[in-house]
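A, B, C and D label the chains in the order they appear, each numbered from 1.
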Amino acid sequence: METPQYKQMDRAYGFEEVAIVPGDITINPEQTNIDFNLENLMFSLPVMAAAMDGVVDVPFSIAFSKLGGLAVLNLEGVQCRYESPDEVIKEIISAPQSQVTAILQKVYSAPIKEKLIGDRIQAIKRGGGICAVSITPQNTKNFYMIVKEAGVDVLVVQSTVTTARHASKSYKGLVFSELCQWMEGTPVVVGNVVSYSSALELMHNGISALLVGVGPGAACTTREVLGVGVPQVTATLECAAARETFLKETGKYVSLVTDGGIRSGGDLCKAIASGADAVMLGSSFAMAEEAPGKGFHWGMANPHPTLPRGTRIKVGIRGSLNQILFGPASVTDGTQNFIGALRTCMGVCGAATIKEMHSARMVIAPAIKTEGKFYQNIQACQ
Amino acid sequence: METPQYKQMDRAYGFEEVAIVPGDITINPEQTNIDFNLENLMFSLPVMAAAMDGVVDVPFSIAFSKLGGLAVLNLEGVQCRYESPDEVIKEIISAPQSQVTAILQKVYSAPIKEKLIGDRIQAIKRGGGICAVSITPQNTKNFYMIVKEAGVDVLVVQSTVTTARHASKSYKGLVFSELCQWMEGTPVVVGNVVSYSSALELMHNGISALLVGVGPGAACTTREVLGVGVPQVTATLECAAARETFLKETGKYVSLVTDGGIRSGGDLCKAIASGADAVMLGSSFAMAEEAPGKGFHWGMANPHPTLPRGTRIKVGIRGSLNQILFGPASVTDGTQNFIGALRTCMGVCGAATIKEMHSARMVIAPAIKTEGKFYQNIQACQ
Amino acid sequence: METPQYKQMDRAYGFEEVAIVPGDITINPEQTNIDFNLENLMFSLPVMAAAMDGVVDVPFSIAFSKLGGLAVLNLEGVQCRYESPDEVIKEIISAPQSQVTAILQKVYSAPIKEKLIGDRIQAIKRGGGICAVSITPQNTKNFYMIVKEAGVDVLVVQSTVTTARHASKSYKGLVFSELCQWMEGTPVVVGNVVSYSSALELMHNGISALLVGVGPGAACTTREVLGVGVPQVTATLECAAARETFLKETGKYVSLVTDGGIRSGGDLCKAIASGADAVMLGSSFAMAEEAPGKGFHWGMANPHPTLPRGTRIKVGIRGSLNQILFGPASVTDGTQNFIGALRTCMGVCGAATIKEMHSARMVIAPAIKTEGKFYQNIQACQ
Amino acid sequence: METPQYKQMDRAYGFEEVAIVPGDITINPEQTNIDFNLENLMFSLPVMAAAMDGVVDVPFSIAFSKLGGLAVLNLEGVQCRYESPDEVIKEIISAPQSQVTAILQKVYSAPIKEKLIGDRIQAIKRGGGICAVSITPQNTKNFYMIVKEAGVDVLVVQSTVTTARHASKSYKGLVFSELCQWMEGTPVVVGNVVSYSSALELMHNGISALLVGVGPGAACTTREVLGVGVPQVTATLECAAARETFLKETGKYVSLVTDGGIRSGGDLCKAIASGADAVMLGSSFAMAEEAPGKGFHWGMANPHPTLPRGTRIKVGIRGSLNQILFGPASVTDGTQNFIGALRTCMGVCGAATIKEMHSARMVIAPAIKTEGKFYQNIQACQ
């Protein structure tokens, strides 16, 4: 008796399971161009900093702008709930581990103060930064006008999963095509998405860029708690396929920003080779001296009142933002000099630009765990 | 020389190897409908509690009924072998680990007392519970009449592997089509099964629901001892295919209950996405304050006189039944707030009902083990 | 540029990667027939004991015969090199670990004494045992006549890899078709083999059974030292395909004995389901009270003068031969009651005989390693 | 909606994931021929020693030549930067681990002294060795004339990734076809490469042999830092396919040397079975008494000023070069008697020559990690 198929499941791949194949031509790393464009804005680094309270505050945003990247301030975090967010952050990072979830739940139940939204945006602008802020879809209609009037440069609308359509009996959801009109040319970045069809539908709403990634990290517990998630290489490849379809249909190029699960220069390179135009880093920047979390890191899903996912983690301070981005690396595990790694990788792939890097060949090559024998770690590199 | 193929083997998948892909539309989690039907009985939760002595006794059954689920009392466990089962359970859970197998073998060699069968069923009914009880196929003919007369609501006939046909030279096996007639409309749930053909054949016997799962758990030693088992995602997909075939042929919908190996909200969601109408939980409920095992758990295959499989395990008490089901979760590993996880997952998949959730897209995405380096656990969730 | 394929590689599977699917009918385990035939010899157990010095000596051979199995005495081991092999074994098992390889190399450099060959065979026969002995292909021409005259019942010709053809400039290799004639009806068992073509060619030489397995064990270091080996499920499937081809061509059924890598009842069941008529166990019997190694185990490749593979291992004494074969099991990991496991497995697969078990369905289902979290080992079996 | 494919990714395999299948004929190991040819030079061992400062100095090169292999002296390492390299090596190996990267960066920033290049080459020649030296592509034009005049036998041009074409706005890259002419018949070996197209293009430039391997080792951090690399079995198979194509087109046979990731005799055998004519060993020789690193090992990518990859590792001294190559092995993990392993493997595969070994059948058979239970390591070999 032949078994009929109830459901087809394709294999999806994460960073740890793929590798990039060198090209047939090599180029000088210093001569690669890694610019990232968001509509008319141009950044010299294809890197965004994640909208997390342990990573981005006003000074971080300004500092990262000056280095060429784009940091996103979370309008629903401590920065816009408290006049003095630094004290609140101090409370979070000094709490014993057993009380963290409860403290996070308490801290994030304070109301968002509209006045602070404008204040923070203007402080970044005054400091000379390019200002990006994030809000969730459900709060976007309440706050977009304040954000716009405060002179924001980029609006990020972000939740764990964001789709063009949201069904509710109790309220009318956000319509992204309307939002894009309201913002009158200010780039709107939306996320997170992981599939071809969702990405394509959002692109048709006129957005400027997509954040790619749901539950990508090995330690982010969204996959354990909800069972939901697509590994980042496949998620990025699917969204890149949507970008190509959309480009062919409309002539408009929507940027992709792979967000989550990037822990090393190698991961960054793989995200770009999978079709990303830029990446968003969280924990890697939480290790920067300039990060407000002082070596601690937590996510916006942690304080969920009934279904918290993930928790506060001590990542440690491991160097300046400059060192993390440009080296010199004092470690050899890929967590420093992300930009040097990207340029070197583009060099061996013969890619002069990020778009050329999209054509790099990749293979499926799972990282093999060796058995802790004497020869572990003895293979040096030539 | 070409090698002829002796046997075809298809790849089978477990919970740890798949993930659910968010949908193109999202819906409000609170507005999802998760009802579970068993013929004319309707439950507000798609969850059954397993017929294990560390999990279900009379008070547990009543309490779980009131929360909307269906607990199964094992008629071949301590509840119907002993007037005072609590003392026997105390003996089991206080035994030193080295003596557990011997004590279990002794405890479960006491005879089943027919009188107690009726007593337990009536106690559950008196307490206001919906009453489900389980017996093995070989004992069904002996006890079904007592069970029926005591007013049971659901009869579960369960063994490690149950098929519509059983060959023996010494006795005539149970005929499920006859049993269903004898029970006169009381739903008969049968298990466990894992394959399309076995499931379809049992459905043709008129049963109401199937329990899906043989040897699914990583620690259940059926796979080690017998080599037998099919991982739960594939087992559920095969049985769901049988349900579709049977529905097309007869117009009757037979429910599927995935039983075993579900350790987190994510696993529950994956079972439903694989085609299950409900799940059966054992160890997760053994952690409830209300469970008779007081944080200990053991299976019905443990006391086997010559071929015991698995042993008593300390799972610990981790919260009330209410907290395990509905949260708030004090942990972030998916072992609390199963129902909140299901509704949230259905929300991001745009599934308003369990049946709509059967259409959720899934990918093969093995959980990657990271190498215990500094960055382990540093990925927070947005 | 399309890459031409230099070499095709198919996926091969081991015991840990597959599982047996229950059948559509179940049968009573006690009513299964597990006889194993070797030409006119009939054994009530489909199990051979491996020709290793820590496992088989004269008393073990007699005891195992009486239980229904067939033990193989190694004619090139200590039994035929020393008048008093027990003293030599005592020396091996009492040596400090660091000196084991050297001591093994010394012990096995003593000459084989022709007189002892006859003595050992006759001792087994006198004790009432069915006598099987093993020699390597290179020594077969020297010793087969002594063996035959001593009244051996089964001759095993075994080396790591044995083929029908052996090329050498210095000597004329053993021709198996000639050997089979010389032995005049005494069954000749040859091994080890792992591929369809090698198996088929040996069958055409008139042998009675094949030993299947090269480098199967996770810990046997043949794969590390030589890179050579095929996992046992695939090896057995290939040789079974050869048996079917040969049966169709000639009408003769050549038995397959899967040898190596079988550590639990589950592995034994999988070997049978893959097409084996019997299995050969080494380390599992080294744990028997009756084994001469007294809880220590070593292989015939260990004393290789320049390229030793594997070493002496302490497996411990874990029960009598009777308990290992028939239970009752005091452990739940499948290492005791091999025969009970086989009969139970055949029961859930609806297989009344070993040949029917060859039709059992199998799936590819790798054992998943869980992450040592609290829920490890909490899944009990129903 | 069907998802268009953005990029195809094929599965690539490493040594740990494959195994060699014994052949249908076996041959005497002692009668195998393992010669390796590099144009007119003939070596009795198919093994090169890697151009690393912990492995090859002048005395090592001479000693290894006399045993039949070919060692490569790195002209950009300490040997040609310092009059007394032994003192510098002593400084490196006695440094505390935390200062190693800094010390390596300092040591390797000293200038290369042209005079020392000639001195080292002549010292090897005077000692009776066949002399091979390596330089990076960017330094080749500066030094090739000195090298040639000093009487080198083999010129190796090596960097992490080397291609026939290199794009730079600031300088004209090395043209390998010109280099081959300049060297007037002295064999030119180039690497490293991993793909069919890159290999084929380099072959068309007239080179004598290719080094295969980028980021192969599990511990080499090139894959982590850059995301770049192809596992060695697939890399070798691709380059072997290029060799076949080139041979068919031109009649010229270009040798392949698999370089990196080979930790045991089994790995060596698999490299040859994948199509390599020889292998290059680094860490295995760093364990030799004759190696200058005295049990320490580091790679040429370690001292990179801004993006160091890998670090100094203590491998320990484990035997003489002779023992590592020819045994007798005092360990059973395949790290000694590489040549005995190769000959034995060729014996069971029925391969009389390296070229015949290229036809050996291979299967995909990942090494299975067992669960550290009592039976770990109990499987002995027959």
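By our rule, a residue touches a chain if its C-beta (ideal position, glycine included) is under 8 Å from a C-beta of that chain, and two chains touch if they have at least 3 such contacts.
Everything quoted here is computed from the prediction, not taken from an experiment.
Note: the chain lying farthest from chain D is B, by mean C-alpha position. Counting every residue number used by either copy at the chain A-chain D contact, under half are found in both chains. Note: centroid distance chain B to chain D, computed from Cα atoms, is 55 Å.
Taking each chain's centre as the average of its CA atoms, chain B and chain C sit 39 Å apart. Shared interface positions of chain C, i.e. residues touching 2 or more other chains, are given as 195, 197, 333, 369. By the touch criterion stated above, chain C contacts chain B in their complex at residues 13, 15, 18-28, 31, 195-197, 200, 237-238, 240-241, 244-245, 264-270, 273-275, 326-330, 332-334, 337, 340-341, 344-345, 348-350, 352, 361-365, 367-371, 373-382.
Chain A meets chain B in the complex at residues 1, 3-7, 9-14, 16-17, 50-52, 54, 101, 158-170, 192-195, 197-198, 201, 214-231, 234, 259-261, 263, 282-283, 286, 297-302, 305-311, 313, 315-316, 333, 335, 369.
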